[in-house]
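Okay, here's the structure, questions in a sec.
Order of writing sets the labels: A, B, C and D. Residues in every chain begin at 1.
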Amino acid sequence: MYQMDKPILIMEGITKEFPGVKALDGVDFELYPGEVHALMGENGAGKSTLMKILSGVYQHTAGKILLNEEEVTLNNPTVAQELGISIIHQEFNLFPNLSAAENIFIDRKEIISASGKINWSRMNAEAKALTESIGADIDVRREVQYLGVHSQQVIEIAKALSFNAKILIMDEPSAALPEDEVQKMFDVVKQLRNNGVAIVYVSHRMNEIFKIADKVTVLRDGGKVSTNKITETTEDQLISEMVGKEVGDLYPDKTKRIFNESVLNVNDFDITSKHKVSFSLRRGEILGFFGLVGSGTHTLAERIFGLKKGKGTVEINGKSILIKNPKDAMKQGIAYLPPDRHRQGLVKESSIRENMTLPILKRISNGLIIDKKAEQVINEEYIEKLSIKTPSQNQVVNLLSGGNQQKVVLAKWLTTKPDILIMEEPTRGVDVGAKAEIYRLINELSLSGLSIILISTEMPELIGMSDRILVMNEGNIVNEFKNGEADQQKLLKEASNSIDKMVV
Amino acid sequence: MANIFKRREAPIILFTIVLFCIFSLISSNFLKPDNLGLILTQITTTGLISIGMLMVILFGGIDLSVGSVLAVVATVVGMLVNAGINPFVAALIGMVVGAICGAFNGLFIAWFNIPEIITTLATMFIFRGIAVAISGGEWVTNFPDSFNFFSQGKIIGIPVPIALFATGAIMFGYILSQTRFGRRVYAIGGNKEAAKLAGMSTRKTKFLVYISSGMLTSVAAVIYASQVGSIQASTAGSGIEFTVIAAVLVGGASIFGGVGTMLGTAFGVLLMGMIKNGLVLTQASVYWVDATTGFILILAIIINTVQRSRNLASREGDLV
Amino acid sequence: SNQGGATETPSEGDTGGDAASTSKSFFINPKSIGPAYWAAAEKGVKQAGEDLGVEVVFNAPSTTDSAQQINMIQDMLTRQVNGVGVAPNDPEAVAPVFSNALSQDVQVVTWDSDAPDTDRKYYIGAATDAELGEQFAEMIANQIGGSGKVAFMVASLSAQNQTAKVDAATAYLEANHPDVEVVTTVSSDDDQQKAYENAQNLISTYPDLKGLVGFAGAEAPAAAQAVEEAVNAGNIEQGKIKIAGFAVPSLVKEYLENGTIEEMVTWDPSKLGYTTVYTLNLLTDGEDVEDGMEIPNVGSIKVNGDIILTGTDVLTKDNVADFGF
Amino acid sequence: MNLVKEEVNTRLKRLPSIKINTISILVILLAGLLIFFSTQSPYFLTTLNITNVLVQVTTIGLIAIPMTYVIISGAMDLSVGSILGLSAVTLGFLYESGTNIWVSVVLALVVGALAGALNGLLIARYKMQAIVVTIGTLVMLRGLVYIITKGKPISGYPDSFYFLGQGKVLGIPFSVIVMMALFSIAYILIKKTRIGRYTYALGNNEEAVRYSGINVVKVRFLTFVMSGLFAGIAAIFYVSRYASAQASAGDGIELDVITAVLIGGTHIFGGRGSLVGTFLGVLIIGTLRNGLNLMGVSVLFQTVILGVLILVAVSRQNK
């Protein structure tokens, strides 16, 4: 059916210019049937742009694309789909108001019967079959807005699969998925590869690349740096190719840390009316939380920060405090870095300056008037401290790369001078260079006495950063791992075991 | 059964029924078949316009110009029938005129990317001026009897206005819920970017919706002219956009687009018509009519909101 | 500078363009622009401008909005017109701008709708609101045989000239026809469809309704249309519901002819317009109107103190064809 | 990384220039109107007429101030005209029934603010769609006005009260001074204070503001209270200027106000806009009306011209 030794796709000298920007500069890229080809690079390196060209969303300004040795013009997404190229975009592209099945088959001729009517039963059945083939169990008639993030990701994947694609592009498909779902997705990817589908896999997660990819291509500043067999390269080599220089250890040394006084005590604290948790956080400690989707880590964070209503008090520095809203939490020195910087973290059309001081405007106002000077000083301080790359503090955050955007959110919360910082997915979608910097920062902060709750679904990050890791499962804390005790298998096992077998 | 209550239209349908019962209790005349027929006839113009408005709102847009389009078409059709043109031919020409008005809106919105509310605010003024200019400021009236068909005629025993509205509602209800074009309208309203990535032409779809909306409004205009019997271009249909928008939104549509159904809209229209009729029938003091109408509207909105938050609360996710 | 086209009237085709520019100019201000009633009035205004060789500007806001109307009067005072004729949307609110006009030696009259507590020199109407209200009341009472239920239909619940007529009619019925019961008053807000639906709803609400009284131009045709439909549908008998009040002849012609309406009160708005310009012209020449004076195109007028009345007509199927509006 | 910098720089240059453009286009437009009308009418460019225009725009101007806030914050208030009517007749009703005029004024303002609070409560607290809610209150409050007045205008106020709408200070109408002062205060508030920051941020990304620990309900609530209060202020000047509180006062004014705000460059979907722009938008509408009136152009053509102006002036506001 296909020939493994002949490239199904050749992209030659692809150049893409946006007004004032050269996003891609003469990139060559080859793809063979039955391979998983990873694409890596820093934020803004051009990965998504290259893939959008391949899927007909953007048109290249120079270069050519050969499919099965024939030159093709991919001038819109439908053409690409008809040629067997389908893509899972980096950002979700779902219709929240439509059902899962409709999302998968939106605007497709296949589900229209001769009379022009949509064949609902066929569509729902096929959608169900597709999602089940990925090992997911979702109600395909349900509107997507009522589904959770991982179901949404499943739909994206199912949608891409529904085309019977010969080339499948996955642009950071794992960014929003917890570890166990990633596993399921990998099973699907492998199955597809065995069926001869060529897969482009874009990710910032190094461990995934080594687990799934056959080849890896690195882009830097819009140009191609290298293409290697995965067996012939190493993590360090990839990192230095991506960043353009050597990067030291990603994670700081955590061996010689001792903690005494506890800052935050949580006793029988309601996550929901049915679920209560207890734990304590000590000064300068990085306390990791691991849990799969629905485990309650996110709700816990929002409850402590007062974003979700509920009963129950926490004890801060020995005093019992009732937190009704974020203001109460901030008064107690709590800050919360939310998981989704686009939706929850940033006012993207405002400047860095305005974003950074949003939570502390009251503090830096003289009466009603904002003290511009003070604001600028604070901005300068944090832009430097966090080495945010920007020409000026008046830069609109929309124009920053993901890593720098994330640093702005972090800076925003550091300006509140918190004692306790809750961070959720602090490096989601952030490239390795920026990641290293963020880790360095987190570590420095904890050394200077800041107590940190680190909620993450990225296990290497948790293991590398945390002094202790608590695992949550179905709204309960099921286990605790001290520094050095945890590994990925153990974490996953605790997090995914059925609850009734657990003894706390 | 449980499923019925989960439907988005459930609250508005229930609310309409409750109000229906209340009016029936207060006024013995309300339940009479004649009166029920009256309500149905009276809602046909707003009803037909609401169909187009529903589609526009599904896109996340809004159309403020419908009243002025109605005036243009009613004036043109009225003058044509008075000039001796066959009423059906005149009505068809009216639909062409309506389609042109819709295309004009669509052009600015879909091709020049000017937000709906701005385009239609402008065309609301412009079309009204055109209508008055065409009429020369005169009343268009004294239509030939043959024109009465559109208000008093019957098709298989059903009054023509009701038949037209029902046909429109069923046809577009079907198109919206069962065809590719209809689902595109929902998709674009739900997520424009995703719709583009899925290869849909948002422009073409929008353009078509505005043309359909113009044509639906022109059918309403023909009924209007025939019912009212005289057209004053400067006032005909002015302010109708508020009633229509209110009906669509009360019917469960979201102003942010993507959400709303023909069934809900039909009930929204019915509710609005019933309030108007019911408040006269219950002999409420004339000074209280507006206040009561507004209050009932707000009540309906509140009920819709409660339903929406109940749905959201059932969202799957992180131990909500 | 003649961009106004349709409404500015520099006496097109007049004998001396120069004369027009050096002579007087008047601002004639209806309640709003657009409604055909005012369009009819405009004809008389223009005609008078032409006949008298004066410049007339006929303009108003597009809705019956008192604030915008006053702004417009103010603008025309800036333009230094010699006289203004106003049909006020709010009779109280025009007081300041009228005294302002007077202080600039601008002659002020009201027409169609009065503002008695202001500095206006004259009010020009077909008849006083009280007289009209009583005339309507008498007409409906007669038609229904002196007893039964009637409903009032007005264009606005807040317009002085409507409420004054309603009050007079109500009082007249109470005094002279105690068996006539006014069941309700409904307002169309100048919207024909609403007037039509109001009429339908009234017929449906009061099965024993005997009369509908229209107080403004859009009401009677809407009432007649609804009654005719109800008769055609067999819901009521022909002639059971009578219609009285004010009507524009051309709008009710077919209903008079087919018997849905027997008689109505009417007056020609263009005569009001003509008289307004004529009066302002006299006033600015230092002259005055006199009772019984003949005005060309209008006929003889009645002057009663500061009120000028042009008179009303009773419209029947026999004379409806004679009216040119 | 150079690439990013370069792009950032070109973007940077473009961004502020967009802002300047909006304002400068409006200034050019206004200047163009002034020049055009002064060639068309000798009465146009007189102190008297300019004063007239300024007085005439006070109602729209006063309401356009909070409307700018409301629209920037990503919402909409269609009920302002009805609130104006309600405040106006409240004032009239209270005074007529023997309340001291200044007490009546204060209570009328309170009623305006309360009506705004009702909108605010439903929209901010209970998260209902602003357009829908304010269509509801538009109808309901106007109805309330008719209940209070039974349709009759209420007039006859003490002379001291007429000073507000008709008096002058140093030759400048008092109402104009108040409008300018409120525009200035509102300008400072939106440019230099927290409230302004929150307003813009709310229109851009409400979630992010909430996650920043800011009480978004309170902020949004306040914009609606402010909207009601300013409609009340406009009502006071309205009654004082026209010496009458009529049931139809302010009917349909929301369209004028929104038109002015949109012409002023405020983004219909929120997040962007300015009070300077709104002020210019108000002046442009006022000048256009006045100039066309002086030329004797029928309002029917005036509205067509306004329609075309909206398309031309606001067409740059791409989504």
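Here is the rule we use: a residue touches a chain if its C-beta (ideal position, glycine included) is under 8 Å from a C-beta of that chain, and two chains touch if they have at least 3 such contacts.
Please read all numbers here as calculations on a predicted model, not as lab measurements.
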| item | value |
| --- | --- |
| Chain hops separating chain C from chain A, counting only touching neighbours | 2 |
| Far-end chain from chain A, centres as C-alpha averages | C |
| Computed distance of Cα centres, chain B from chain A, in Å | 44 |
| Chain centre separation (chain C, chain D; CA means) in Å | 34 |
| Chain B and chain D, separation of their C-alpha mean positions in angstrom | 29 |
| Set of chain C residues in contact with two or more other chains | 6, 33-34, 62, 157 |
| Multi-chain contact residues (two or more partners), chain B | 128, 132-133, 234, 287 |
| Two or more partner chains touched - positions in chain D | 146, 150-151, 300-301, 303 |
| Chains touching one another, given as label pairs in label order | A-B, A-D, B-C, B-D, C-D |
| Chain D residues touching chain B - in the complex, by the definition given at the top | 122, 126-129, 131-133, 135-144, 146-147, 150-151, 255, 258-259, 262, 268-269, 300-301, 303-304, 306-308, 310-311, 314-315, 317-319 |
| Interface residues, chain A side, partner chain B - complex | 56-57, 76-78, 81, 89, 92-98, 102, 106-107, 109, 112, 116-118, 145-149, 151, 271-272, 275, 293-299, 474-475 |
| Contact footprint of chain A on chain B as seen in their complex | 178-180, 183-184, 186-187, 189-191, 193-200, 258-259, 311-312, 314-320 |
| Sites on chain A touched by chain D in the complex | 18-23, 44, 221-222, 305, 307, 325-327, 329-330, 336, 338, 343-350, 354, 358-359, 361-362, 365, 368-370, 389-392, 394-396, 399, 401, 412 |
| Touching residues (chain side chain C, partner chain B) in the complex | 6, 32-36, 38-39, 42, 62, 157, 183-187, 189-193, 196-198, 200-202, 204-205, 207, 218, 221-222, 225, 229, 232-233, 235, 248, 250-251, 253-254 |
